[in-house]
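Next, two complexes with subunit A in common: one pairs it with subunit B, the other with subunit C.
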Partner chain A sequence: MSASPYEPSPLHAFAEWLDGQAWSTALHESLWVYPLVESTHVLTVMLFVGMLAMVDLRMLGFAFRQTPVSELTSRLLPWSVAGFVIMVTTGLLLFYAIPVRTAHSVWFRFKAMLLIAAAVNAWWFHRRVSRDRERWDGQPQPPLGVRIAAALSMGLWAGVIVAGRMIAYNWFDCERPQSAFVAWAAGCAAELPP
Partner chain B sequence: MTWCEAFGWFETYDRLEQTAIGNAIRESLWLFPAIEAVHLLGLAVLGGSVLVVDLRLLGAGLTRLSNAAVLANARPWFLGSLALMLATGVPLFLSEAVKCCFNDSFEVKIATLVLAVVFTFAVRNRVAARGDAPAWLAKIAGGLSLAAWFTVAAAGRWIGFSG
Partner chain C sequence: MNVLQARIQTTAPIALAAMLALGGVQASAHHAFGAEFDPNRPIIVRGPVVKIEWTNPHAWFHVEHTNEDGSKTVWMMEAGTPNTLLRRGIHRNSVPIGTEVIIDGYQSKDLSNRANGRQMTLVNGETLFMGSSGTGAPRDGADPIERARSEDVEKLEEAKAADTAQDDG
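Coming up: the complex of A and B.
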């Protein structure tokens, strides 16, 4: 007795399971709801990344230099968090609508890695903030470590936006002939069993 | 029917599409997505720089700062991101001008963009810069600005779904 030669990855099996649901198909094929969810996802970038960018620019010393950093974080980050909640909700719906292709999109996978990196950066920064914020809260230009974290935040979220936009393009889809690297990075073997 | 059709601008749009920039973007596999991605990065910063001022005018966000102080800090980022959006938006238009001739969303976007820019500089920024603007006036200016810029962005996204 030998095992089946084809073992789909857990991610692929999960995506296939989602794909089999009637609501997933209905959302994907909806004339209005899918574009509305997609547009909400894109436009909320103004609220989520836009507000975050104002905070990051303050920490870089590029804007609101005369205002304490804590003033921006306490008054603007709640708006950014509200945007993030909308982003995650609409993002999950978009994944739910097109699960198999998205799970095997190299851009989606790259975006997921950038999201994790952005989360780690935010966590690392908050540890640093709680340690000595009083010391630099009012400084027009905060210390180098704070500025690096803010620059990383802006860079990583910019990367998330670009990678997210690229998911729509089919250059690296498994249905098309791909290099060994792309086939591996996209997990094409699981999507297209022999 | 679009204005482009009604006023017979098709020839002009067609010529714009045949420009060197339009041709180069159309013939490239990655140029359009790349410019589009930068356009989207500009949207994020533009959104932030507009929101922070409009929220303040509406009485939210950075309420410990004056309207004028929030405007002064956001203004360079608004101007910079607006310039970036125009610098990327014009080439995107040139690459598919003919499609835009028949696209309602494109015309809604351009019309509201002109309105939003004029309103921002002629009314909203003046209200924000004034130290003595009554709260109701600030709220109207902030609300209208928010609505105008949101419409520009939403109609812009819809260009890809319509026509």
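Coming up: the complex of A and C.
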């Protein structure tokens, strides 16, 4: 071990702190609870993104063209809220079970960026685009701004699902030899001090 | 663009994403032997177990090996799934942290300090097969199921030879 100073990132320190908790290890090593949490996460992602996709397709003018947007959203909203709450809870539990590897996963980092982008898109939609909703609520094909927001929402969530799926693979894990780019993107230096 | 075309164009990416998402919830580093480990790099590590990860799809035993120059290297030795090990009577506390072990295995192809563990030997001479059967690992005799199978094959061949001998007589 060389004498060069090693300063772990706050994220790495936080992940290490979580990793040191007995409940984190217990959840990860549980033969039944971990797979149940993982499966529930996938199923509720389907519920949430499925509901979202129907609303997005309506706003793109592809589905339920004769149904007002507000009617569709009010009917689907309870389902997507239920899906969202369980999806987020199980997602946090999955991170809690494997904190260090996940914090240093390039896929997880990419997924987090896509989630932030999806959240910004949703916020921007509610703030700007849906202000004059009454005007286009019943239109079979809503205005371009609405359609762009809907297309972005679908694209970003599809990306979130693919990136989330890829977290399972260990190609870019820090414990394997990695290119300088991957080592930088995954913050491997923090996990493997010189 | 007609409605059907539009439907197909919009549903295809969703279907693709769903297929990717549901292609089986598979956890990290689940693989055939040849995808990850090199049969031409057999290794033996010896030292105390410093950490155990009792996780799917593979349990990992971290062993601190002392090198010839006196330096120490922690090797991550991959085992079978917790369930395979449990069925063989090995549980999480069978080999407590600090237990001195010798593990025969094969190093990973990327030459990192990870290896596929095959046979674990304890100081009292007891041996445990810690790997998985049927992954394509070299037939090194570590796997008792594989040994049993090859014994069957030998018996069959002996029986055949005996039959042939009788026919000749």
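Just so it is clear, the second predicted complex is superposed on the first by the 188 of 194 C-alpha atoms of A that agree within 3 Å, B and C clash if a C-alpha of one lies under 4 Å from a C-alpha of the other, contacts with A are read in each partner's own complex, and residues count from 1 in each chain.
One rule holds in what follows: contacts are C-beta pairs under 8 Å (C-beta built on N, C-alpha and C of every residue); 3 or more make two chains touch, one makes a residue touch a chain.
Quick caveat: nothing in here was measured; it's all calculated off a predicted structure.
A.B. asks: Once chain A of both complexes is superposed, is A:A122 in touch with subunit B (first), subunit C (second), both, or neither?
C.D. replies: neither
A.B. asks: Give one of first, second, both or neither to describe whether A:L57 is in contact with subunit B, with subunit C, with both, or with none.
C.D. replies: both
A.B. asks: Quick check for you: in the superposed arrangement, does A:A185 touch first (subunit B), second (subunit C), both or neither?
C.D. replies: neither
A.B. asks: Regarding the shared-chain residue A:V45, is it in contact with subunit B (first), subunit C (second), both, or neither?
C.D. replies: both
A.B. asks: Which partner chains sit in contact with A:E71 here, subunit B, subunit C, both or neither? Use first/second/both/neither.
C.D. replies: first
A.B. asks: With the two structures laid over each other on chain A, which partner does A:R165 touch: subunit B (first), subunit C (second), both, or neither?
C.D. replies: both
A.B. asks: Considering only the touch criterion stated at the top, classify A:I148 as touching first (subunit B), second (subunit C), both, or neither.
C.D. replies: neither
A.B. asks: Now for A:D173: first (subunit B), second (subunit C), both, or neither, which partner does it touch?
C.D. replies: In the superposed model, A:D173 contacts subunit C only, not subunit B.
A.B. asks: Thinking of the overlay built on chain A, is A:W79 touched by subunit B (first), by subunit C (second), by both, or by neither?
C.D. replies: first
A.B. asks: Can you list the residues of subunit A that touch subunit B in one structure and subunit C in the other?
C.D. replies: Touching subunit B in the first complex and subunit C in the second, residues 35, 38-39, 42, 45-46, 53, 57, 63, 158, 161-162, 165, 169 of subunit A appear in both lists.
A.B. asks: In the complex of these two chains, what residues of subunit A are touching subunit B?
C.D. replies: Within the complex, subunit A touches subunit B at residues 35, 38-39, 42-43, 45-47, 49-54, 57, 63-67, 71-72, 75-76, 79, 157-158, 161-162, 165-166, 169, 171.
A.B. asks: Using the touch rule from the top, collect the residues of subunit A that touch subunit C in their complex.
C.D. replies: The contact residues of subunit A facing subunit C are 28-29, 31, 34-35, 38-39, 42, 45-46, 53, 57, 60, 62-63, 101, 154, 158, 161-162, 164-165, 168-170, 173, 175-177.
A.B. asks: Name, in rising order, each residue of subunit B that touches subunit A in their complex.
C.D. replies: Result: residues 29, 33, 36-37, 40-41, 43-52, 55, 61-65, 69, 73-74, 76-77, 150, 153-154, 157-158, 161 of subunit B touch subunit A.
A.B. asks: Under the definition above, what is the set of subunit C residues touching subunit A in their complex?
C.D. replies: 3, 6-7, 10, 13-14, 17-18, 20-23, 25-29, 53-56, 76, 82-83, 92, 108, 110-112, 114
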